[in-house]
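Across the two complexes that follow, chain A remains constant while its partner is chain B and subsequently chain C.
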Partner chain A sequence: MSSSGLARPAAIRWSPLVTVLAFALPVMFVLAPLAIFLVYSFFSVDQGQIVYAPTLANYVRFFTDPVFLPVFWRTIVLCLSVAAISILLAYPAAYFLTTLRGRWRYALLMLLMVPLLMSYVIKIYAIRSILGLNGFLNKALVGLGILSEPSTLFVFNMNAILLTLTLLLIPFAILPIFLALERIPQVLLRASDDLGASSLQTFLRITLPLSLPGVASAASFVFVLAIGDFLTPQMVGGISGFTFGRILYSQFGTAYNWPFGAALSVALAVVVIVAILLGERFGRNRGASL
Partner chain B sequence: MIAPPRLSTILLAATTVLVAVLLYSPLFVPIVSSFFPVARGEVDWSSPTVETYVALAGNDEILSALRTTLVVGFCTVVLSVVGGTLLALYYHGRRAGRSALQFIIFLPFLMPPIISGLALLIFFREIGLERSLLTVVIGHTAFVLAIVYRTVLTRLQSMSRTLVEASYDLGATKWQTFWRIILPNLSSAMVGGAILAFALSFDETMITILVTGTQTTLPVRLWAMMRLGFSPDINALVALILMFTVLLCALAARFLVPRQIATQRA
Partner chain C sequence: MNQTSDLLTLRSVSKSYGTVPVLHGVDLSIRDGEFLTVLGPSGSGKTTVLRLIGGLEPLTAGEIRLDGQDISGMPINRRPFNTVFQDYALFPHLTVAGNVGYGLSVRHVPRKEIARRVAQALELVQLGRFAGRFPAQLSGGQRQRVALARALICQPRLVLLDEPLAALDLELRRQMQEFLKSIQREVKTTFLFVTHDQEEAIGMADRICVMQAGHIRQLGSPHELYYRPNCEFVARFFGENNLVAGSLGETRGEFRAIETALGRLVCSVAGQPHLKAAATGARGFATFRPEALRLAGDGDAENRLSGAVADVAFAGSSTVVTITAGGDAAQRLRLRFPSRVEGSALRAGETVALSFAPHEGHLVLA
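Up next, the complex of A and B:
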């Protein structure tokens, strides 16, 4: 590949200035801030002043203090649950879309994606009012006779964060699963049918395995978005719904310990990178190529 | 797809309806409350009203936040479209350093916004840049640049090289080829990328909370108001914004979906 045709116009004698800018701007406004942030995690704070001397104390504290690791694991479990519930709901919906024909299929897909366009903050607020004591969920449950009186089970705790994040993130699970299902060659399904397999057998042995890369991508997307979110737990979590993101944020506010907050961010970034890499690794569609 | 048996079809359809209801319920709350009075979770269906929309016109606090959001969005779009297009042109067909720099450009998009925001916050403090709308625009641009870059690069890669070769054969200079062949072919991708960039900037909350100065954008304003509860006119604004964004994204889809006839003719 010595020259794709467009290497040439790209080579419209770029002046050295452009070359410098093309490298300098991303490095300056993206890499430098993240690098400084990383370096900050090795500093410490003394009486409200940042001490610019390298130390591992922040990381030692993260791993040894009885407060942080439990919250860290609890948050990871919470976000894995969000991913699992989202996929359980998204998979049947995505599958249903692929059974539709042509225009209907994409119209319905669009319909399920539109809620993503709505302001994130407003959605959190609306969901909180649905989950609240006077909210629609309690009214419905009481009306159906499942609860005898409105419950505070659904708001200002971990359940609330779980439900809210799931509602917000389902579309991110639908899309990759739909794309994986859509790519499964029809001939495989017909062959399976011809060979006498039942629909259930065809689903379990052809469709499901071939759609797993989509499920992996969906899980990775939802998990990463859930664990990086601070707004939802802050708004619906109340006092008991304490997540890692909130602890992290508090280091920059009330706790005022930027270096320790930076160390917590590094821990969060590691989890996110691992999740993205796993999603990449298992999200590749290998089996479906004929 | 082979038609599954009926019971499973019904179950699948039911789940899809359930998902749609779950996704749309948070949208209906503010839209319904923008037209009907709501008290203690009960909607008063008997008295529809547009008072909330009238009240909105007099809510200066919200309107000025909306203006700030539009200004930030505009600057972000200009910077990210110019920057993203230049970077795409520059890196296209170039090998040395490309994947590393591409990775850097994508970092703010992949990292949780709380990390990007905090990193920028510390960075601005270290270089002594006062928090203001400028820092917000820088933050938003870093965040959306990857989208514009990706969109334009995809279009560049799908462009037939014969177009450029023909242009050179016919004696055009490099700049003529750029202005008359490459740029017109990229324009719809640039517009599509610009719309996506604007939509992302319009709703960006976390980075903005961290790097903003005294002036705030609409999502941050709403975030601050949420603790106390919204006044009804916010619902009117939300309904309007929803309509606006749906329109915007329909436009983006229009520009990003390749128009086969046009490319064939070109």
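Up next, the complex of A and C:
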């Protein structure tokens, strides 16, 4: 390296430290805790004391006890539904954003991202009050004559969790889809027009396939965030809205069975890792960027 | 080949972006089957002409007629034209065959026929083996040929080419020029080719339309433009040239004199009535090509110039001598002659007498 100014020798002296930090931080704060969880999942609890002897009992219990697997599958289906609904709602919004010009596009995008700045708990409270028996949703439906009296269909059950998670996580779906749509060169759309395609054909054959990587990223974001959430089901799920996240929470809290909680976490982590890998796999553009 | 009928006509076509005008009432007729090049520096409006014809943008005023019918309001996907875009604009998620067949597939042509015509088109551009590749796996020249095949497969009345060679390196560009020209002869489709490179224009076009500042300055064959430029801009822009300013003098038959700081020069005005009719004393230029200029012999009575050799540059097949004439450092003349193995006898600083034949000189009005 030629010496370009005085800053460079200092930078060279610091660079090993920076390299060490770059590896140490993820190892210390991500990989190590995960490894500890994995190790704990092979321990057991006896009368409130953790027994540090390796056993497969936690996993046997997870796979054989009639309680856990059904909740596990139901939670996965719930979160897949959240991801699907989020994408169905986010895609038109993101598409609409890309049709706007200049500063309007980003102003509106910022507006859609504002909910991310608000406290999670406050948002859940707000949504709960909208969904509740005297909430805006019921009042609107009764006012429109769709319902004759307020319904309890929207709160303290699985529906409530579905609706709330969708509302909370939709910004995470809009952003990747918007970025994927925005990255499509306009000239490709003009080329499609030029070759005789109608605007619907251009959308279905060019825009949609080229935006699918963004859709895949959005789906994996929303799914991963939804499946890890225990606060939302806790607050709007009531008794019937029992999800895997709540079971996990209870193992670490009420039940004070950390090894079993750790085993459940490992099961959840496997699902999350699979979702991230799938998102990554389809989030890439067949290596065919221009 | 019938080149007399007009395929497409632009009538007083104007275009403004907001309040900024980029085209000022352009009139242009494109003949059926010709290779027409629109040539101009950047900002001349040449790409705008192409975009208006292609339907990528609406006109501000005027009309575009195809076979005599106004198509100014026809949407882009209904126009029987196809464009080869500057950076090819291939669809990255489709294979070469998918790209080339796209125009047929959106028109619901049966699958078998698409396959047949795609194979044909790829054969035409010599890419038969690449049908299954993706654009990212192709070189620049190959992408270029895919884009051409994709445009030709729809059998358009007119192919619009927007500086398609600009991204290629010199050697490849030369090859592609020949290739484009031969394809055009083979398919006999009208090509409208936009470029800022005058060498490219000379090499490929049947006719060239020179544009500057939103106006068409001259339209004609490469030969006409080279030897009979109609204005100072074309005379300077199109090929290397010598210009000497002066005021017009008397007309004698097919020749007219111009009084310049370097003396009286006589140039041809054959077939150019506006030059014969121009008022005596009108400002103008004598123009003559570097290869028309030669060392004066004893017999040369007319168009004698003298100057000092400023530079002798060997350029391979030819040698270019730069001469400062009339003691004015700004008045430079260039003299080009075939190189010889023993080298040029001229040396810098030497005073030389030069001349050009009146029929090789030409006048343009200032």
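By definition in this document, the second predicted complex is superposed on the first by the 253 of 290 C-alpha atoms of A that agree within 3 Å, B and C clash if a C-alpha of one lies under 4 Å from a C-alpha of the other, contacts with A are read in each partner's own complex, and residues count from 1 in each chain.
Convention: a residue touches a chain if its C-beta (ideal position, glycine included) is under 8 Å from a C-beta of that chain, and two chains touch if they have at least 3 such contacts.
Every value quoted in this text rests on a predicted model; they were computed, and no experiment measured them.
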{"item": "Contacts of A:Ile206 with chain B and chain C, given as first, second, both or neither", "value": "second"}
{"item": "Which superposed partner A:Val187 touches (first chain B, second chain C, both, neither)", "value": "second"}
{"item": "Chain touching more of chain A, residue-wise (chain B, chain C)", "value": "B"}
{"item": "Touched partner set for A:Leu195, first chain B, second chain C, both or neither", "value": "second"}
{"item": "First (chain B), second (chain C), both or neither touched by A:Ile122", "value": "first"}
{"item": "Where chain A meets both chain C and chain B, residue numbers", "value": "190, 193"}
{"item": "Touching residues on chain C, where the partner in the complex is chain A", "value": "54-56, 76-78, 81-83, 85, 87, 89-93, 102-103, 106-107, 134-136, 150, 154"}
{"item": "Residues of chain B defined as touching chain A within the complex", "value": "1-5, 8-9, 11-13, 15-16, 18-20, 22-27, 29-30, 40-41, 83, 86-87, 89-94, 97, 101, 104-105, 107-108, 110-116, 118-123, 126, 138, 141-142, 145, 156-157, 159-162, 164-165, 168, 174-175, 177-178, 182, 199, 203, 205-206, 210, 219, 222-223, 226, 230, 238, 241-242, 245-246, 248-249"}
{"item": "Chain C partner contacts - residues on chain A that touch it in the complex", "value": "185, 187-188, 190-198, 201, 205-206, 209-210, 285-290"}
{"item": "Partner chain B, residues of chain A touching it in the complex", "value": "3-14, 18-19, 21-23, 25-27, 29-34, 36-37, 40, 89-90, 92-93, 95-99, 108, 111-112, 114-115, 117-127, 129-130, 132, 134-136, 139, 167, 170-171, 174, 186, 189-190, 193, 199, 202-203, 224, 227-231, 235, 245, 248-249, 252, 258, 261-262, 265, 268-269, 272, 276"}
